[in-house]
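Note sheet for the following structure.
Note that the chains take the letters A, B, C, D and E in the order they are written out, and that residue 1 is the start of every chain.
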Amino acid sequence: MKINWFKYSAPSNFYPVIGKLIPFFMFFAIVLSIGGLYWGFFQTPDVLSDQKQYYRIIFIHVPAAWMSMWLYAVMVGWAVIGLIFNTRLSYMMAAAIAPTGAMFTFLSLWTGAFWGKTSWGTYWDWDPRMTSELMLLFVYIGYMALQSAIDDTRRADQAAAILSLVGLVMLPIIYFSINCPNPAECSSLHQGSSTQQIETNILWAMLVMTIAFWAYAFAVIFMRVRNIILQRERHTKWLQNLTGVKA
Amino acid sequence: MFTVFKTILGRDLTLAMRRKTDILTTFFFFVIVISIFPLGVGFDKAMLQKMAPGIAWIAALLASMIALERLFASDYEDGTLEQMLLSHQPLIIIVLAKVFAHWLLTGLPLVLIAPLAGLQYHLSGDEVGIMMLTLLLGTPILSLLGAIGAALTLGLRGGGVLISVLILPLYVPILIYGAGAVSTSMEAGSNVQAYLLLLGAFLILALFFTPWATAAALRIASE
Amino acid sequence: MILKIQNLSCRRGDRLLFENLDFQIQSGELLFIEGHNGCGKTTLLKTLVTLRRPDAGVVLWDKQSIFKLADEYRQNLVWLGHYNGLKGDLTALENLRIASVLNGIDASEEALWDALKTIGLYGFEDLPTTVLSQGQKRRAALSYLLLTKAPLWILDEPFSALDVRAVDMLQAIIAGHVEQGGMVILTTHQEVPLTSGQVKRLKLAA
Amino acid sequence: MFTVFKTILGRDLTLAMRRKTDILTTFFFFVIVISIFPLGVGFDKAMLQKMAPGIAWIAALLASMIALERLFASDYEDGTLEQMLLSHQPLIIIVLAKVFAHWLLTGLPLVLIAPLAGLQYHLSGDEVGIMMLTLLLGTPILSLLGAIGAALTLGLRGGGVLISVLILPLYVPILIYGAGAVSTSMEAGSNVQAYLLLLGAFLILALFFTPWATAAALRIASE
Amino acid sequence: MILKIQNLSCRRGDRLLFENLDFQIQSGELLFIEGHNGCGKTTLLKTLVTLRRPDAGVVLWDKQSIFKLADEYRQNLVWLGHYNGLKGDLTALENLRIASVLNGIDASEEALWDALKTIGLYGFEDLPTTVLSQGQKRRAALSYLLLTKAPLWILDEPFSALDVRAVDMLQAIIAGHVEQGGMVILTTHQEVPLTSGQVKRLKLAA
């Protein structure tokens, strides 16, 4: 099957298509998270090595942390496409992703903090990974702040795109933050991922939750993109025909 | 091309010299922040010693940042930036010259004055040496990164504070490794080299990539 | 050399400023852009100097898009906007010197002094431009016109703030440039009799 | 006269609201500075606890100061300050309104967000309460004092950094008593009241005298 | 009401701008200050509005020094300089409202709207003034002239950046004010035929 991608890069074509996809993704998000949480809560052992039941936060914490980084990468991807091809839609996508990315970042911080209270005895400590995750949140916020501080949409899009590109350095830093040049100095509380050793049940539940989060992300991002399109394209004929509202 | 670099550098330095206070102020800002800290946190010697690298670095970071706001803003307001954008000289060169001037005016004085901080916080000679070295490697990165923020927020109201929000998170890794190096050097048998290499690598990366981003941001801002 | 505008449209915010604009200008021509306050003259000029991108349409310099040519096109350009583009802390002389270097003009100290003298800033060269009067600042900015060799001048209300004598002088300078095969695009609300060369007029109406 | 106060206050708040980021940025600046410190100085819990009041206060001070630069500068640049000086309304009222707006936008948010700092630095509920109280009393003084510096440096290049140099030393007493109150409250059987009374007295003094100085400085700057 | 200048001298830096200046203006009079760029017109006007102190001489308003009268004198004053005195982030309407309150004018919303409409900003009232064109900004600043009841207007190049229609309108406004017994002091490099009332001219020559 041959799909004409350029056709869908026009907001006028993209708008109705994603309109149809939203309920679909929303449905998956709900079903999968219910399933994933059920699985995680009732099909996994109560006690994991020295940890108590609380470890089950992992089913939110880890997928959320992954999402925070993935969404950032995707956002930068759209921004770069925008900078290169100057397509309006890609900027809109990037702008729509930021709030969701920030939300997941916050979620991973939040859940991490609670887990930390039970596991390390403190809500917050200056573990490099936690700190760099916090900085990622600030980068997201900076992105949104910059975008909303500029009135001219085109300038706002491009400026925010450049910022996001620069902020990309945060990802490797988060990723490698467990390995620092001198382990004695910034010994991290986080250990390297032990996914190889943990029970497959836990792994599966985490994967399901990740897919659920993806579905949720698609749904909200599409909703937000539709709003942005409505707002930015209000002068265009296709939209005026569609909504019957004259701007 | 080198003439352009020299001219712009000369221009920015002359501008700073015309107001002699300009150079002195960054300097004093640094000194004051450093002197104020013990007032806020107490005079415990061991604690001060431990805090010294962090505070010196944070003061450097804030001093550099505060001066950043004017890096392009004044050129933007009086229309000279427009003229630079329209000159057919490579914008990257112009950006590099301006950033270099900024560093000479804000970064270098901090490096030179670091021993004073060392004195106030009871650091040993070696530690002061490491501190100067890390500042020497690190402050240009601050200027280079900060230039992006300055260019992005050009002409926005409250740009100054916005720069901080955009740039501080990016400064964090520099801060960690910069201050980390000095802290590490305080421990016996420690290996500072890894930190310095990392900072050096960051500097080279920044030198290559940030001018592009800044130039692009400037073009966007002028629209 | 020919600057050709095809089908140009520009919108600012909700407002469509102009649409489907077509015109061209070539060596030895002077183009007046006319129109009431807020009709989009400045916006048009900023587009022609690549400081803004048009919302539709193209601007061609010798058949190539000016945005593609970029620096190659800017080489042919002098722009003077509502702002004077002077550093207030530097003197007129220093400002002029920097402008020359930035544009790759290798002007001698003497040439710089001459330019300032001609433009009527004799005795004011060593004052920081911030203390100059409004009209003197404008003159300092205009002095660059005496040095440049770029063919295309785009001037946004160059006569503003100038006194009668300076207006006459600037007219002579512009006329001279056009006669020697240059091109000038300018806006002004003041009536000035620019007669030499072939004067075109473009009326923007929003 | 009250109408004038209200109008100017409304004006400055509207200006800030137009750029929603403006309010958020001071806020984030504070948060970021607070979050950055431990990175520089290490994560030792006892030490952090001890440093908390000092750092919170210094962050408040820097946040307030950075925003100060624009207090009159933007009015100066676009000529609206000239118009205010030529209106026949008492300049003191105008100054007070502008300073109050500045405090609402930079001081108050810091008071409200102090608990977060408390959390990050492992402070107890009581200590956080004292910290909020001292910030509530102290930040208006920072705004009032800072306004003088902002007025004095009007129209000077590099004004921002110059303000810091003029004003930071004046901030020091506030900092000492503000941070001191919180530190004292950490010790058992301590008496915080004296500190609070002192801060209160400073506030009243500042409220009475600084507006005159600021108004006079503005008249001088406009010449 | 009478504004009397006696023996006024002004120097800027090393330069003596004018010396022993004497003139006066009273109700129903209009005074043109003429002179070439940099001769000291702006400096003189700034002195008359108390933004600068003279180096010698006095300025009297009804026999009292304006610097002594201070706010009492400023009550009678409207000043429009090279800057427009607009906040870029506020709309023309908001700017006008603030200007009114600051000067103790109790203008209704309707009066504000009318002023903007008359000055030709209908449809632009709700844009932040920063996006307005140069001429529109000038108009927004001038709209305050339609509301004020102060007798003495001091205007520095009020016609700059205005298009032909706006120049005519402003002339009519100024003429009307003079006719009703106001006083106007202005500078301009543009020739404008202001005929009504008694026009005085003062030539500054440095």
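The rule is simple: contacts are C-beta pairs under 8 Å (C-beta built on N, C-alpha and C of every residue); 3 or more make two chains touch, one makes a residue touch a chain.
Keep in mind that what you see is a predicted model, and the values were worked out from it rather than measured.
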Query - Those chains which touch chain C and also touch chain A - result: B
Requested in this report: Please state which pair of chains has more C-beta contact pairs than any other pair.
Outcome: B-D
Requested in this report: Starting from the Cα centroid of chain D, hunt down the chain whose centroid lies farthest away.
Outcome: C
Query raised in the report: Using CA atom averages as chain centres, what separation in Å is found between chain A and chain E?
Result: 57
Query raised in the report: What whole-Å value do you get for the distance between chain A and chain D if each is reduced to the mean of its CA atoms?
Result: 36
Query raised in the report: When the centre of a chain is set as the mean of its C-alpha atoms, what distance in Å lies between chain C and chain D?
Result: 46
Requested in this report: Could you please state the distance in Å, as a whole number, between where the Cα atoms of chain A are centred and where those of chain B are centred?
Outcome: 32
Report task. Would you please write down the residue numbers of chain A that are in contact with two or more other chains? Result -> 131, 138, 141, 145-146, 149, 154
Query raised in the report: Of all residues in chain E, which are in touch with two or more distinct other chains?
Result: 89, 128, 131
Query raised in the report: Of all the residues in chain B, which ones touch at least 2 other chains?
Result: 15, 18-19, 74, 156-158, 162, 165, 168-169, 172, 176, 183, 223
Report summary line: Counting only contacts in the complex, chain D reaches chain B at residues 15-16, 18-19, 21-22, 24-26, 28-29, 32-33, 36-37, 39-42, 44, 47, 50-51, 53-55, 57-58, 62-63, 66-67, 69-70, 74, 77, 156-158, 160-162, 164-165, 168-169, 172, 175-176, 179, 183
Report summary line: Counting only contacts in the complex, chain A reaches chain B at residues 83, 128, 131-132, 135-136, 138-139, 141-142, 145-146, 149-150, 152, 154-155, 158-159, 162-163, 165-167, 169-170, 173, 181-182, 184-186
Query raised in the report: Considering the complex alone, what residue numbers of chain A touch chain D?
Result: 122-126, 131, 134, 138, 141, 145-146, 148-149
Report summary line: Listed in rising order, chain C residues that touch chain B in their complex are 49-53, 71-72, 74-75, 77, 79, 81-90, 94, 97-99, 101-104, 128
Report summary line: chain C residues touching chain E in their complex are 12-13, 35-42, 82, 120, 124, 127, 131-136, 138-139, 157, 160-167, 189-190
